[in-house]
Amino acid sequence: MSGSDPFTLITPTPAAGFDLAVRLARLAVKLAQPSAEIRTRLRAAYEQDSEQLIAASQVTATHFQTIAAANDYWRASGAVT
Amino acid sequence: MSGSDPFTLITPTPAAGFDLAVRLARLAVKLAQPSAEIRTRLRAAYEQDSEQLIAASQVTATHFQTIAAANDYWRASGAVT
Amino acid sequence: MSGSDPFTLITPTPAAGFDLAVRLARLAVKLAQPSAEIRTRLRAAYEQDSEQLIAASQVTATHFQTIAAANDYWRASGAVT
Amino acid sequence: MSGSDPFTLITPTPAAGFDLAVRLARLAVKLAQPSAEIRTRLRAAYEQDSEQLIAASQVTATHFQTIAAANDYWRASGAVT
Amino acid sequence: MSGSDPFTLITPTPAAGFDLAVRLARLAVKLAQPSAEIRTRLRAAYEQDSEQLIAASQVTATHFQTIAAANDYWRASGAVT
Amino acid sequence: MSGSDPFTLITPTPAAGFDLAVRLARLAVKLAQPSAEIRTRLRAAYEQDSEQLIAASQVTATHFQTIAAANDYWRASGAVT
(Lines give C-alpha, C1' and ligand atoms only; values in the text may rest on other atoms or scores of the structure.)
Protein backbone atom coordinates (compact mmCIF):
# COMPACT_ATOMS: atom_id res chain seq x y z
CA MET A 1 0.00 0.00 0.00
CA SER A 2 1.68 3.19 -1.07
CA GLY A 3 -0.59 6.12 -0.63
CA SER A 4 1.38 9.19 0.08
CA ASP A 5 2.74 11.59 -2.51
CA PRO A 6 6.45 12.39 -2.03
CA PHE A 7 7.21 15.03 0.59
CA THR A 8 10.12 16.17 2.76
CA LEU A 9 10.08 17.13 6.46
CA ILE A 10 12.57 19.92 5.82
CA THR A 11 10.79 23.30 5.57
CA PRO A 12 12.19 26.84 5.36
CA THR A 13 10.22 28.24 8.32
CA PRO A 14 8.15 27.21 11.36
CA ALA A 15 5.02 28.49 9.59
CA ALA A 16 5.71 26.24 6.58
CA GLY A 17 6.36 23.40 9.05
CA PHE A 18 2.99 24.02 10.70
CA ASP A 19 1.21 23.93 7.32
CA LEU A 20 2.94 20.59 6.58
CA ALA A 21 1.78 19.26 9.97
CA VAL A 22 -1.84 20.13 9.08
CA ARG A 23 -1.40 18.39 5.69
CA LEU A 24 0.03 15.21 7.29
CA ALA A 25 -2.84 15.14 9.82
CA ARG A 26 -5.29 15.22 6.89
CA LEU A 27 -3.22 12.74 4.82
CA ALA A 28 -3.86 9.92 7.28
CA VAL A 29 -7.62 10.65 7.11
CA LYS A 30 -7.41 10.61 3.29
CA LEU A 31 -5.62 7.23 3.34
CA ALA A 32 -8.28 5.85 5.71
CA GLN A 33 -11.20 7.37 3.75
CA PRO A 34 -10.21 7.67 0.05
CA SER A 35 -13.60 9.10 -1.04
CA ALA A 36 -13.34 12.90 -1.38
CA GLU A 37 -17.12 13.10 -1.39
CA ILE A 38 -17.44 11.36 1.99
CA ARG A 39 -14.58 13.43 3.45
CA THR A 40 -16.30 16.65 2.32
CA ARG A 41 -19.58 15.53 3.93
CA LEU A 42 -17.78 14.59 7.18
CA ARG A 43 -15.85 17.86 7.16
CA ALA A 44 -19.02 19.95 7.12
CA ALA A 45 -20.00 18.43 10.50
CA TYR A 46 -16.54 18.22 12.11
CA GLU A 47 -15.80 21.90 11.35
CA GLN A 48 -18.68 22.85 13.62
CA ASP A 49 -17.72 20.49 16.47
CA SER A 50 -15.25 21.97 18.95
CA GLU A 51 -14.36 18.54 20.40
CA GLN A 52 -13.27 17.28 16.99
CA LEU A 53 -11.50 20.56 16.14
CA ILE A 54 -9.49 20.16 19.38
CA ALA A 55 -8.72 16.49 18.56
CA ALA A 56 -7.55 17.51 15.07
CA SER A 57 -5.37 20.20 16.66
CA GLN A 58 -3.79 17.45 18.82
CA VAL A 59 -2.83 15.45 15.70
CA THR A 60 -1.29 18.59 14.16
CA ALA A 61 0.65 19.22 17.41
CA THR A 62 2.18 15.70 17.27
CA HIS A 63 3.18 16.08 13.60
CA PHE A 64 4.52 19.60 14.26
CA GLN A 65 6.68 18.19 17.06
CA THR A 66 8.17 15.71 14.56
CA ILE A 67 8.71 18.37 11.87
CA ALA A 68 10.25 20.84 14.35
CA ALA A 69 12.77 18.22 15.47
CA ALA A 70 13.53 17.39 11.81
CA ASN A 71 14.39 21.06 11.22
CA ASP A 72 16.37 21.40 14.49
CA TYR A 73 13.62 23.81 15.55
CA TRP A 74 14.73 26.23 12.78
CA ARG A 75 17.38 27.41 15.25
CA ALA A 76 20.10 27.79 12.68
CA SER A 77 18.10 29.93 10.35
CA GLY A 78 16.55 31.91 13.17
CA ALA A 79 13.81 31.56 10.65
CA VAL A 80 10.82 33.71 11.37
CA THR A 81 9.63 34.78 7.94
CA MET B 1 -2.07 25.88 1.43
CA SER B 2 -0.18 28.40 3.49
CA GLY B 3 -2.16 29.48 6.46
CA SER B 4 0.12 30.43 9.25
CA ASP B 5 1.60 33.86 9.87
CA PRO B 6 5.38 33.81 10.40
CA PHE B 7 6.51 32.85 13.90
CA THR B 8 9.62 31.51 15.66
CA LEU B 9 9.81 28.79 18.34
CA ILE B 10 12.56 30.74 20.16
CA THR B 11 11.09 32.68 23.12
CA PRO B 12 12.80 34.63 25.91
CA THR B 13 11.10 32.80 28.79
CA PRO B 14 9.08 29.68 29.65
CA ALA B 15 6.01 31.88 30.19
CA ALA B 16 6.36 33.34 26.68
CA GLY B 17 6.84 29.78 25.41
CA PHE B 18 3.62 28.70 27.13
CA ASP B 19 1.69 31.59 25.54
CA LEU B 20 3.07 30.53 22.12
CA ALA B 21 1.92 26.94 22.79
CA VAL B 22 -1.63 28.20 23.48
CA ARG B 23 -1.52 30.24 20.24
CA LEU B 24 -0.33 27.22 18.17
CA ALA B 25 -3.08 25.05 19.67
CA ARG B 26 -5.63 27.65 18.53
CA LEU B 27 -3.90 28.17 15.15
CA ALA B 28 -4.71 24.62 14.03
CA VAL B 29 -8.37 25.19 14.98
CA LYS B 30 -8.35 28.46 12.99
CA LEU B 31 -6.89 26.69 9.93
CA ALA B 32 -9.56 23.98 10.22
CA GLN B 33 -12.40 26.48 10.83
CA PRO B 34 -11.55 29.82 9.16
CA SER B 35 -14.83 31.52 10.19
CA ALA B 36 -14.22 33.73 13.25
CA GLU B 37 -17.96 33.88 13.82
CA ILE B 38 -18.30 30.08 14.05
CA ARG B 39 -15.19 29.82 16.25
CA THR B 40 -16.64 32.44 18.63
CA ARG B 41 -19.93 30.52 18.83
CA LEU B 42 -18.10 27.23 19.46
CA ARG B 43 -15.85 28.87 22.04
CA ALA B 44 -18.81 30.00 24.16
CA ALA B 45 -19.78 26.33 24.65
CA TYR B 46 -16.30 24.78 24.92
CA GLU B 47 -15.24 27.29 27.62
CA GLN B 48 -17.90 25.84 29.89
CA ASP B 49 -17.06 22.18 29.19
CA SER B 50 -14.35 20.74 31.44
CA GLU B 51 -13.75 17.75 29.12
CA GLN B 52 -12.94 20.06 26.22
CA LEU B 53 -10.89 22.41 28.41
CA ILE B 54 -8.79 19.39 29.49
CA ALA B 55 -8.42 18.24 25.84
CA ALA B 56 -7.30 21.76 24.85
CA SER B 57 -4.80 21.72 27.73
CA GLN B 58 -3.40 18.45 26.27
CA VAL B 59 -2.78 20.12 22.90
CA THR B 60 -1.02 23.01 24.66
CA ALA B 61 1.11 20.50 26.61
CA THR B 62 2.29 18.83 23.37
CA HIS B 63 3.15 22.19 21.74
CA PHE B 64 4.86 23.38 24.96
CA GLN B 65 7.00 20.21 24.91
CA THR B 66 8.13 21.11 21.38
CA ILE B 67 8.81 24.77 22.26
CA ALA B 68 10.68 23.86 25.47
CA ALA B 69 12.99 21.53 23.50
CA ALA B 70 13.50 24.27 20.88
CA ASN B 71 14.69 26.62 23.65
CA ASP B 72 16.82 23.94 25.37
CA TYR B 73 14.37 24.27 28.27
CA TRP B 74 15.60 27.87 28.83
CA ARG B 75 18.46 26.32 30.82
CA ALA B 76 21.08 28.70 29.55
CA SER B 77 19.19 31.80 30.44
CA GLY B 78 17.97 30.39 33.72
CA ALA B 79 15.11 32.41 32.44
CA VAL B 80 12.38 32.88 34.98
CA THR B 81 11.10 36.37 34.30
CA MET C 1 2.58 -14.09 21.75
CA SER C 2 4.32 -13.23 18.53
CA GLY C 3 2.01 -11.62 16.08
CA SER C 4 3.83 -9.25 13.88
CA ASP C 5 5.44 -10.12 10.56
CA PRO C 6 9.06 -8.96 10.25
CA PHE C 7 9.51 -5.29 9.33
CA THR C 8 12.17 -2.57 9.56
CA LEU C 9 11.72 1.08 10.59
CA ILE C 10 14.24 2.18 7.95
CA THR C 11 12.46 3.49 4.83
CA PRO C 12 13.82 5.22 1.73
CA THR C 13 11.53 8.28 1.92
CA PRO C 14 9.18 10.17 4.26
CA ALA C 15 6.22 8.99 2.13
CA ALA C 16 7.26 5.35 2.61
CA GLY C 17 7.69 6.10 6.32
CA PHE C 18 4.15 7.50 6.46
CA ASP C 19 2.75 4.39 4.77
CA LEU C 20 4.58 2.24 7.35
CA ALA C 21 3.08 4.35 10.16
CA VAL C 22 -0.43 3.67 8.80
CA ARG C 23 0.37 -0.06 8.61
CA LEU C 24 1.66 -0.14 12.23
CA ALA C 25 -1.45 1.69 13.44
CA ARG C 26 -3.57 -1.01 11.79
CA LEU C 27 -1.27 -3.83 12.98
CA ALA C 28 -2.14 -3.19 16.62
CA VAL C 29 -5.87 -3.35 15.73
CA LYS C 30 -5.26 -6.62 13.88
CA LEU C 31 -3.45 -8.10 16.89
CA ALA C 32 -6.32 -7.03 19.16
CA GLN C 33 -9.03 -8.25 16.75
CA PRO C 34 -7.67 -11.15 14.65
CA SER C 35 -10.94 -11.70 12.74
CA ALA C 36 -10.69 -10.05 9.29
CA GLU C 37 -14.45 -10.33 8.97
CA ILE C 38 -15.10 -8.35 12.14
CA ARG C 39 -12.44 -5.77 11.21
CA THR C 40 -14.07 -5.29 7.78
CA ARG C 41 -17.48 -4.79 9.43
CA LEU C 42 -16.03 -2.29 11.93
CA ARG C 43 -14.13 -0.47 9.19
CA ALA C 44 -17.32 0.24 7.23
CA ALA C 45 -18.62 2.27 10.20
CA TYR C 46 -15.36 3.90 11.33
CA GLU C 47 -14.58 5.16 7.81
CA GLN C 48 -17.71 7.32 8.00
CA ASP C 49 -17.01 8.65 11.51
CA SER C 50 -14.84 11.79 11.58
CA GLU C 51 -14.08 11.39 15.32
CA GLN C 52 -12.62 7.92 14.73
CA LEU C 53 -10.79 9.01 11.56
CA ILE C 54 -9.13 11.80 13.62
CA ALA C 55 -8.25 9.32 16.40
CA ALA C 56 -6.72 6.96 13.81
CA SER C 57 -4.74 9.89 12.39
CA GLN C 58 -3.37 10.51 15.92
CA VAL C 59 -2.07 6.92 16.12
CA THR C 60 -0.41 7.33 12.71
CA ALA C 61 1.17 10.61 13.89
CA THR C 62 2.74 8.87 16.91
CA HIS C 63 4.12 6.01 14.79
CA PHE C 64 5.35 8.49 12.13
CA GLN C 65 7.21 10.38 14.88
CA THR C 66 8.99 7.13 15.81
CA ILE C 67 9.78 6.22 12.18
CA ALA C 68 11.01 9.73 11.35
CA ALA C 69 13.45 9.61 14.29
CA ALA C 70 14.59 6.13 13.19
CA ASN C 71 15.46 7.56 9.77
CA ASP C 72 17.08 10.73 11.20
CA TYR C 73 14.21 12.60 9.53
CA TRP C 74 15.58 11.55 6.11
CA ARG C 75 17.93 14.52 6.40
CA ALA C 76 20.91 12.77 4.92
CA SER C 77 19.16 11.65 1.82
CA GLY C 78 17.27 14.90 1.43
CA ALA C 79 14.83 12.28 0.35
CA VAL C 80 11.75 13.68 -1.27
CA THR C 81 10.89 11.17 -3.96
CA MET D 1 -1.61 37.65 24.61
CA SER D 2 0.58 37.14 27.60
CA GLY D 3 -1.17 35.18 30.25
CA SER D 4 1.32 33.21 32.21
CA ASP D 5 3.15 34.39 35.31
CA PRO D 6 6.94 33.86 35.13
CA PHE D 7 8.11 30.34 35.94
CA THR D 8 11.14 28.10 35.35
CA LEU D 9 11.20 24.42 34.35
CA ILE D 10 14.17 23.80 36.63
CA THR D 11 13.04 22.23 39.94
CA PRO D 12 15.06 20.79 42.84
CA THR D 13 13.31 17.39 42.89
CA PRO D 14 11.05 15.10 40.85
CA ALA D 15 8.23 15.78 43.34
CA ALA D 16 8.56 19.54 42.78
CA GLY D 17 8.64 18.84 39.03
CA PHE D 18 5.41 16.85 39.32
CA ASP D 19 3.70 19.70 41.21
CA LEU D 20 4.82 22.10 38.44
CA ALA D 21 3.37 19.73 35.81
CA VAL D 22 -0.02 19.81 37.61
CA ARG D 23 0.15 23.63 37.72
CA LEU D 24 0.95 23.89 33.98
CA ALA D 25 -1.93 21.53 33.15
CA ARG D 26 -4.26 23.85 35.08
CA LEU D 27 -2.64 27.01 33.65
CA ALA D 28 -3.83 26.21 30.13
CA VAL D 29 -7.38 25.72 31.49
CA LYS D 30 -7.13 29.08 33.29
CA LEU D 31 -5.97 30.81 30.08
CA ALA D 32 -8.88 29.23 28.18
CA GLN D 33 -11.45 30.00 30.93
CA PRO D 34 -10.35 33.13 32.87
CA SER D 35 -13.40 33.12 35.19
CA ALA D 36 -12.43 31.58 38.56
CA GLU D 37 -16.12 31.22 39.36
CA ILE D 38 -16.82 29.10 36.26
CA ARG D 39 -13.66 27.03 36.82
CA THR D 40 -14.73 26.32 40.41
CA ARG D 41 -18.18 25.21 39.21
CA LEU D 42 -16.66 22.98 36.51
CA ARG D 43 -14.15 21.55 38.97
CA ALA D 44 -16.91 20.33 41.32
CA ALA D 45 -18.20 18.07 38.51
CA TYR D 46 -14.87 17.01 36.95
CA GLU D 47 -13.45 15.94 40.35
CA GLN D 48 -16.16 13.28 40.52
CA ASP D 49 -15.69 12.03 36.94
CA SER D 50 -13.05 9.32 36.56
CA GLU D 51 -12.83 9.81 32.76
CA GLN D 52 -11.93 13.47 33.20
CA LEU D 53 -9.57 12.74 36.11
CA ILE D 54 -7.72 10.27 33.82
CA ALA D 55 -7.63 12.82 30.97
CA ALA D 56 -6.23 15.44 33.38
CA SER D 57 -3.62 12.91 34.51
CA GLN D 58 -2.60 12.49 30.83
CA VAL D 59 -1.97 16.25 30.51
CA THR D 60 0.14 16.17 33.69
CA ALA D 61 2.10 13.20 32.29
CA THR D 62 2.97 15.14 29.11
CA HIS D 63 4.09 18.23 31.07
CA PHE D 64 6.03 16.03 33.53
CA GLN D 65 7.85 14.44 30.56
CA THR D 66 8.91 17.95 29.44
CA ILE D 67 9.97 19.02 32.96
CA ALA D 68 11.89 15.77 33.59
CA ALA D 69 13.87 16.26 30.37
CA ALA D 70 14.53 19.91 31.36
CA ASN D 71 16.06 18.68 34.63
CA ASP D 72 18.00 15.82 32.96
CA TYR D 73 15.72 13.51 34.95
CA TRP D 74 17.32 14.81 38.20
CA ARG D 75 20.08 12.29 37.56
CA ALA D 76 22.88 14.53 38.70
CA SER D 77 21.34 15.38 42.00
CA GLY D 78 20.13 11.85 42.57
CA ALA D 79 17.42 14.02 43.98
CA VAL D 80 14.87 12.10 45.95
CA THR D 81 13.94 14.47 48.77
CA MET E 1 3.10 -2.27 44.91
CA SER E 2 5.11 -4.41 42.60
CA GLY E 3 3.01 -5.90 39.87
CA SER E 4 5.06 -6.45 36.80
CA ASP E 5 7.03 -9.59 35.98
CA PRO E 6 10.64 -8.90 34.98
CA PHE E 7 11.14 -7.79 31.36
CA THR E 8 13.72 -5.97 29.24
CA LEU E 9 13.12 -3.29 26.59
CA ILE E 10 15.89 -4.76 24.42
CA THR E 11 14.44 -6.94 21.64
CA PRO E 12 16.09 -8.61 18.66
CA THR E 13 13.76 -7.13 16.02
CA PRO E 14 11.14 -4.41 15.45
CA ALA E 15 8.45 -7.12 15.28
CA ALA E 16 9.47 -8.44 18.70
CA GLY E 17 9.49 -4.83 19.94
CA PHE E 18 5.94 -4.36 18.65
CA ASP E 19 4.76 -7.50 20.43
CA LEU E 20 6.34 -6.19 23.66
CA ALA E 21 4.53 -2.86 23.18
CA VAL E 22 1.20 -4.72 22.93
CA ARG E 23 2.06 -6.67 26.11
CA LEU E 24 2.95 -3.48 28.04
CA ALA E 25 -0.30 -1.82 26.92
CA ARG E 26 -2.20 -4.79 28.34
CA LEU E 27 0.00 -4.98 31.47
CA ALA E 28 -1.26 -1.61 32.72
CA VAL E 29 -4.86 -2.82 32.24
CA LYS E 30 -4.03 -6.00 34.16
CA LEU E 31 -2.52 -3.98 37.04
CA ALA E 32 -5.64 -1.76 37.12
CA GLN E 33 -8.06 -4.73 36.85
CA PRO E 34 -6.44 -7.85 38.36
CA SER E 35 -9.49 -10.10 37.72
CA ALA E 36 -8.88 -12.20 34.59
CA GLU E 37 -12.58 -13.00 34.51
CA ILE E 38 -13.60 -9.33 34.36
CA ARG E 39 -10.88 -8.56 31.77
CA THR E 40 -12.14 -11.43 29.57
CA ARG E 41 -15.71 -10.10 29.80
CA LEU E 42 -14.57 -6.54 28.97
CA ARG E 43 -12.41 -7.79 26.12
CA ALA E 44 -15.38 -9.44 24.37
CA ALA E 45 -17.03 -6.00 24.06
CA TYR E 46 -13.92 -3.88 23.35
CA GLU E 47 -12.79 -6.19 20.52
CA GLN E 48 -15.94 -5.25 18.61
CA ASP E 49 -15.65 -1.49 19.26
CA SER E 50 -13.53 0.37 16.69
CA GLU E 51 -13.16 3.45 18.95
CA GLN E 52 -11.61 1.35 21.71
CA LEU E 53 -9.47 -0.66 19.24
CA ILE E 54 -8.05 2.67 17.95
CA ALA E 55 -7.46 3.92 21.53
CA ALA E 56 -5.64 0.65 22.34
CA SER E 57 -3.56 1.09 19.19
CA GLN E 58 -2.57 4.56 20.48
CA VAL E 59 -1.26 3.05 23.73
CA THR E 60 0.75 0.49 21.73
CA ALA E 61 2.16 3.31 19.55
CA THR E 62 3.43 5.18 22.65
CA HIS E 63 5.05 2.05 24.11
CA PHE E 64 6.53 1.14 20.69
CA GLN E 65 8.07 4.63 20.51
CA THR E 66 9.77 3.96 23.87
CA ILE E 67 10.95 0.47 22.87
CA ALA E 68 12.22 1.64 19.46
CA ALA E 69 14.33 4.35 21.15
CA ALA E 70 15.63 1.77 23.66
CA ASN E 71 16.83 -0.37 20.73
CA ASP E 72 18.26 2.61 18.79
CA TYR E 73 15.56 1.82 16.20
CA TRP E 74 17.30 -1.50 15.47
CA ARG E 75 19.60 0.49 13.15
CA ALA E 76 22.73 -1.41 14.05
CA SER E 77 21.31 -4.79 13.37
CA GLY E 78 19.46 -3.67 10.27
CA ALA E 79 17.17 -6.15 11.89
CA VAL E 80 14.26 -7.13 9.73
CA THR E 81 13.71 -10.79 10.52
CA MET F 1 0.98 23.58 46.32
CA SER F 2 3.24 20.73 47.12
CA GLY F 3 1.43 17.48 46.94
CA SER F 4 3.79 14.77 45.97
CA ASP F 5 5.86 12.67 48.34
CA PRO F 6 9.56 12.51 47.41
CA PHE F 7 10.42 10.02 44.67
CA THR F 8 13.20 9.37 42.14
CA LEU F 9 12.85 8.38 38.47
CA ILE F 10 15.85 6.05 38.76
CA THR F 11 14.73 2.42 39.21
CA PRO F 12 16.72 -0.82 39.21
CA THR F 13 14.65 -2.56 36.51
CA PRO F 14 12.09 -1.93 33.76
CA ALA F 15 9.46 -3.71 35.88
CA ALA F 16 10.13 -1.33 38.79
CA GLY F 17 9.97 1.54 36.30
CA PHE F 18 6.58 0.33 35.08
CA ASP F 19 5.25 0.15 38.66
CA LEU F 20 6.45 3.74 39.20
CA ALA F 21 4.67 4.83 36.00
CA VAL F 22 1.40 3.35 37.34
CA ARG F 23 1.95 5.18 40.66
CA LEU F 24 2.59 8.54 38.91
CA ALA F 25 -0.53 8.09 36.77
CA ARG F 26 -2.54 7.63 39.97
CA LEU F 27 -0.69 10.44 41.81
CA ALA F 28 -2.11 13.08 39.47
CA VAL F 29 -5.63 11.71 40.12
CA LYS F 30 -4.97 11.83 43.87
CA LEU F 31 -3.81 15.47 43.62
CA ALA F 32 -6.93 16.35 41.63
CA GLN F 33 -9.28 14.40 43.94
CA PRO F 34 -7.79 14.29 47.47
CA SER F 35 -10.74 12.32 48.95
CA ALA F 36 -9.77 8.62 49.23
CA GLU F 37 -13.44 7.78 49.71
CA ILE F 38 -14.47 9.41 46.41
CA ARG F 39 -11.51 7.84 44.58
CA THR F 40 -12.49 4.38 45.87
CA ARG F 41 -16.08 4.90 44.70
CA LEU F 42 -14.89 6.10 41.27
CA ARG F 43 -12.43 3.21 41.01
CA ALA F 44 -15.19 0.60 41.42
CA ALA F 45 -16.81 1.90 38.22
CA TYR F 46 -13.67 2.68 36.16
CA GLU F 47 -12.22 -0.81 36.80
CA GLN F 48 -15.16 -2.28 34.89
CA ASP F 49 -14.98 0.20 31.98
CA SER F 50 -12.62 -0.87 29.18
CA GLU F 51 -12.53 2.67 27.68
CA GLN F 52 -11.26 4.11 30.95
CA LEU F 53 -8.85 1.20 31.52
CA ILE F 54 -7.35 1.91 28.06
CA ALA F 55 -7.14 5.66 28.81
CA ALA F 56 -5.39 4.89 32.13
CA SER F 57 -2.99 2.60 30.24
CA GLN F 58 -2.18 5.56 27.93
CA VAL F 59 -1.21 7.72 30.93
CA THR F 60 1.02 4.92 32.22
CA ALA F 61 2.63 4.60 28.77
CA THR F 62 3.54 8.32 28.74
CA HIS F 63 5.03 8.15 32.26
CA PHE F 64 6.87 4.91 31.39
CA GLN F 65 8.40 6.65 28.36
CA THR F 66 9.74 9.37 30.69
CA ILE F 67 11.05 6.87 33.26
CA ALA F 68 12.66 4.66 30.59
CA ALA F 69 14.55 7.67 29.19
CA ALA F 70 15.59 8.66 32.73
CA ASN F 71 17.14 5.19 33.17
CA ASP F 72 18.72 5.17 29.67
CA TYR F 73 16.33 2.28 28.93
CA TRP F 74 18.19 0.14 31.51
CA ARG F 75 20.67 -0.63 28.72
CA ALA F 76 23.71 -0.51 30.95
CA SER F 77 22.40 -2.91 33.49
CA GLY F 78 20.89 -5.18 30.86
CA ALA F 79 18.45 -5.25 33.71
CA VAL F 80 15.83 -7.92 33.34
CA THR F 81 15.32 -9.16 36.88
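Chains here go by letter, A, B, C, D, E and F, matching the order in which they are written, and residues are numbered from 1 within each.
Going forward, a residue touches a chain if its C-beta (ideal position, glycine included) is under 8 Å from a C-beta of that chain, and two chains touch if they have at least 3 such contacts.
Just so we're clear, the structure is a prediction, and the values are computed from it rather than from any experiment.
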{"item": "Partner chains that chain A and chain D have in common", "value": "B"}
{"item": "Per Cα centroids, the chain farthest from chain E", "value": "B"}
{"item": "Euclidean distance of C-alpha centroids - chain A vs chain B, Å", "value": "15"}
{"item": "Centre distance in Å when chain B and chain F are each reduced to the mean of their C-alpha atoms", "value": "27"}
{"item": "In chain C, residues with contacts to at least two other chains", "value": "46, 49, 51, 55-56, 58, 62, 65, 69"}
{"item": "Touch-based graph of the chains, sorted into line, ring, star, complete or other", "value": "ring"}
{"item": "Direction chain C, origin chain A - full chain order round the ring", "value": "A, C, E, F, D, B"}
{"item": "Parts of chain A lying in touch with chain C, wherever the complex brings them together", "value": "1-10, 24-29, 31-33, 38, 42-43, 45-46, 49, 51-52, 55-56, 58-59, 62-63, 65-66, 69-70"}
{"item": "Chain E to chain C touching residues, read off their complex", "value": "13-16, 18-19, 21-23, 46-51, 53-58, 60-62, 64-65, 68-69, 73-75, 78-81"}
